[in-house]
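Here come two complexes built around chain A, the first alongside chain B, the second alongside chain C.
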Partner chain A sequence: MQMFINALATAAILAPAAVAFTLIFTLFRYANFAAGGFVTVGAFAAWTLNAPLGLPLWAGGVGAMGVCAGAVALSDRVVFRPLRGRSGGTLLLVSIALSFVIENIVRFCFGAQVKGFDLPLTGPLMFAGLRVPKETLAVIAISLVATLAVGALLTFTPIGRALRAVADNPSLANVRGLPVPGVEAFGVIVAGALFGLSGTLVGVDLAIDPNLNWAIAIPVIAAAIVGGLGSPLGAAIGAVVIGLAEELTAAHFTPTYKGAVGFVVIALVLLLRPQGLLGIAVDRK
Partner chain B sequence: MDAYLVAILTIAGIYVILALALNLQFGLTGLVNFGVVGFFGLGAYASGIATESFHAPFVGGLAVAMATGAVAGGLLALLCLRLSGDFLAIVTLGFAETVRLIFNNEDWLTGGPKGLLIMTRPVLADFGRTANAWMVLGVVLAGVAVTLALMLRLAGTPYGRVLRAIREDELVPATLGKNVFVYRLQSFVIGSMLMAAAGSLYAHYVQTITPDNFTTPVAILVWMSVIVGGPGNMRGAVVGALAVVTIYEGSRFLTPWLGFLDAEQVSALRFIVIGTVLILVIRFRPEGLLPEPRHTPVMPATRRPALKG
Partner chain C sequence: MTLLRLQNLRAGYGGGDIVHGVDFEVAPGEMVALVGPNGAGKSTLLKSIAGVAKVTGGTLTLDGRDLAPLSPAARAQAGAVFMPQDRNVFRTLLVSENLSVSAWGCKDIAQRREEVTALLPTLRPYMHKRAGGLSGGQRQMVALAMALMARPRVLLVDEPTAGLSPLLVGEMLDVLRQLAAAAALGILIVEQNARAALERADRALVLVDGRVVRAGSAAVLAQEPDFGALFFGEAA
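Up next is the complex of A and B:
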């Protein structure tokens, strides 16, 4: 049971970023491997607002979402938009290079030291023999609310419908009079904010470190693939699967191999169910 | 300075082999392999363990490394080559990270973070420091020559043309009765094998390998070599690797002018520049320094008159 809570905490960190990754994938049809870089930016933005500037953490989190939304929008504008229409492999390579640049910009600005938020120490809540740190509870609750909110936004609101229409077929959406560039920009900003949220949550639960990059990118992308690329709900469920798999590995084998879990889970999914848990088989070329 | 030049040339030779291998996978066949460091490291450790724990000679270590690289490449390829490129990218990336975790944690096999000490060197006998360095350079250059000859030959044959056709549009060669999957598999396995061979050369050159030798920056440098040199052009990969190593090593000499930055920042700055250049090249000169020669259909040669006598 304790393990289950830890798994949920991991899932809570991964879920927003996995949803964001899926969102970008459905909108523009490329796998943005810079996901880990953006999460790192979010973590450091929240830390800067929280520790040196002394703002409360919620303000740091909101700020991080803003910073990340700006960073993702800027990278889309400067790096990815001129390359629209190039092959998926090219965009993937560019996103890896971008991730590398972002990681080193963070390292340049903040050094290689591991940072932590300025949080008051609170005792864990105890119920039914379980120790649940309050921070963990908050991480899970915030992530759940955010993921559900984005899900509801995509499903029920006009802008969400527009977003799905553009993702499905941009030229048809254009013909039907949807402002495609505006809708795309909106999607990019939502994705960026989700990366920022993930970054803040990483900082609360783990540590803030420029080396987060790949350590976070692989499980995030794994979650999105497990859930079936293109399905935000699937990405959230995928995050829970990855979280559980990581905790099971830590409990039954050795914690040192937690980092390999994402890779193994992707391998298993590709072997057994290439379309992911909730995805329909997409022909991707 | 002389010793420094030999050292740089040796490293450059190893990067040339890595770039040629990646150029076979990505440049010719269009396979996005981000696990370059995984295969490189696997080769290095396999070779080191074979020579140190099992007292194999250097050639034995090299053979073990290539076999290991080929098997690992084959398994990964079987796993995800049927699906499209994005999966291969994430799986190879995950593979490289996982391999590094194994190097770090299986101390009994790899020496863990302290590293693996390798005494075996690819030299005939111990002729002293300078002579040994030259001999190692000779072995690496021989490796480069063999790899380059192999790749040039491969790129020029009908086999290479099929690989190019698969990169451009797999449907066309498939319609012509080529088994696209098998070609991709072979290309990936040969590339992985060569990367592992480069790893073996590297291991016996530096003599102490740690998991930190096999991190993402190495992969980025190799990718940059291929992209800058000209994907699909084997000579381009050589030029690209030499250019990248020159820029990377040369930027060390800028350090005195950057005294206001600490070492961490200088290192970060070098990587920022490298990553940015990579993005700019992809955007503005995707064909690289030496573009792949365009293949125009060759008219059948006019029949030569039969020789008499």
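Up next is the complex of A and C:
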């Protein structure tokens, strides 16, 4: 049971970023490997607002979502939009390069020291023999609410339906009168805010590490692939699968191999069910 | 009264003109068929009106308004609504969602959906199904309903019967014919089944090599002895 709670905490950190990753993939058909870089930016933005500037953590988190939304929108404008129409492989390589650029900018600005939020010390909640830190509960609750909110946005609101329509068929959306560039920009901003939220949650549950980039990018991408690229709900479920797999690995083997779990799960999914848990199989053209 | 007017319209995709100086008009409630051999420029002409292909010269007006500077989305909102031949529904969305997004920015979406389902009642049973799971004929009906959600003044229909069974071909063309009359809608249709289109259209234009080589009453044109030759491109 304790392991399951730990897995949920890991899933809670991964889920918003995995949903963001799949949102960008669905809209633009490329895997943005700079996901880890954006989560790192979110973590340090929240830390800057919370620790040095003394704002409450919730304000730091909201600020981090704004900073990340701006960073992702800027990267889309400067890096990815000029390359629209190029192959997914080209954009993937560009995103890897971007992630290194972001990682080094973060190190340049914040140094190599691990940081922590300015939070009051609180004891864990004890029930049924389980120790659950209050921060972990908060991380799980916030992530769940955010993921459900994005799901509701995509399903029940006109802009959410428009976003899914543009992701499905942008040229048809154009002739149906949808403002395609505006809808795409909205999707980019939502994805950026979700990266910022993941960054804040990482800082609450773990630590704010300048080397976070690839340590978070691989499980985030694995969660999106396991869930089925293009399915936000699948990405959230994928995050739970990855969280469980990481905890099982740490419990039954050694925590050293935790970082390899994402690769193994990606390989298994590609072998057994390439479309992921909730993805739709498509013919290769 | 003229709804859509093309004067000396030239259009293409950037590598030279495909449509060379076409003139015609479409009136409200009128169904005009564009026929001609493959590669004649029929679909390009439709796409140039919709803004998908580039207008390189001439004038293009809807209700007197110049459409040429407008984006495809703005042309749809102005009333020139295009129904593409294929990939014409959002496959991952429900049919009801397909209709809703097609009236983007409108306050009266529920009312429009009611109007459209009243015009096309066969849609009702599958409103809550995913569009990608429908048959070809059902998908074409959804595509037509999506186009109608924008309350078009003129409907630009590109081969709506492609891939449909002979029974459904007639049904789809009959629906279009009825719509033109019921909604005072101008319809410009490119149809591979030229005979079936001419049976329903008011007027027809025969396009060969991007030029109108014959125009007039659809019924009269269908009776011309050299119609087959024109359609198959031997008279160019």
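Just so it is clear, the second predicted complex is superposed on the first by the 282 of 285 C-alpha atoms of A that agree within 3 Å, B and C clash if a C-alpha of one lies under 4 Å from a C-alpha of the other, contacts with A are read in each partner's own complex, and residues count from 1 in each chain.
Methods note: contacts are C-beta pairs under 8 Å (C-beta built on N, C-alpha and C of every residue); 3 or more make two chains touch, one makes a residue touch a chain.
Note that the coordinates shown come from a computational prediction; the quantities given were computed from them, not determined experimentally.
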**OP:** Using the superposition on chain A described above, determine whether A:164 touches chain B (first), chain C (second), both, or neither.
**Re:** second
Original post:
Once the shared chain is lined up, is A:225 touching chain B (first), chain C (second), both, or neither of them?
Top reply: first
Original post:
First (chain B), second (chain C), both or neither: which does A:263 touch?
Top reply: first
**OP:** Mind working out whether A:153 is in touch with chain B, chain C, both or neither, as first, second, both or neither?
**Re:** neither
Original post:
Of the partners chain B and chain C, which touch A:90 in the superposed model: first, second, both, neither?
Top reply: first
**OP:** Applying the touch criterion given at the start, work out whether A:5 contacts chain B, chain C, both or neither, answering first, second, both or neither.
**Re:** neither
Original post:
For A:176, is the partner it touches chain B (first), chain C (second), both, or none of the two (neither)?
Top reply: second
Original post:
If you count the residues of chain A that each partner touches, which comes out higher, chain B or chain C?
Top reply: B
Original post:
Which holds for A:105: it touches chain B only (first), chain C only (second), both, or neither?
Top reply: first
**OP:** Can you check the complex and tell me which residues of chain A touch chain B?
**Re:** 31, 33, 79, 82-83, 86, 88-90, 92-94, 96-98, 100-101, 103-105, 107-108, 111-112, 214, 218, 221-222, 225, 254, 256-257, 259-260, 262-264, 266-267, 270-271, 274, 284-285
Subject >> Residues of chain C that touch chain A when the two form their complex >> reply: 50-52, 71-74, 76-77, 81-82, 84, 87-93, 97-98, 100-102, 104-105, 146, 150
Subject >> Touching residues on chain B, where the partner in the complex is chain A >> reply: 26, 30, 32, 34, 79-80, 83-87, 89-91, 93-95, 97-98, 101, 104-105, 216-217, 220, 223, 227, 262, 264-265, 267-269, 271-272, 274-276, 278-279, 282-283, 286
Original post:
Which chain A residues qualify as touching chain C in the complex?
Top reply: 158, 161-162, 164-165, 167-169, 171-180, 280
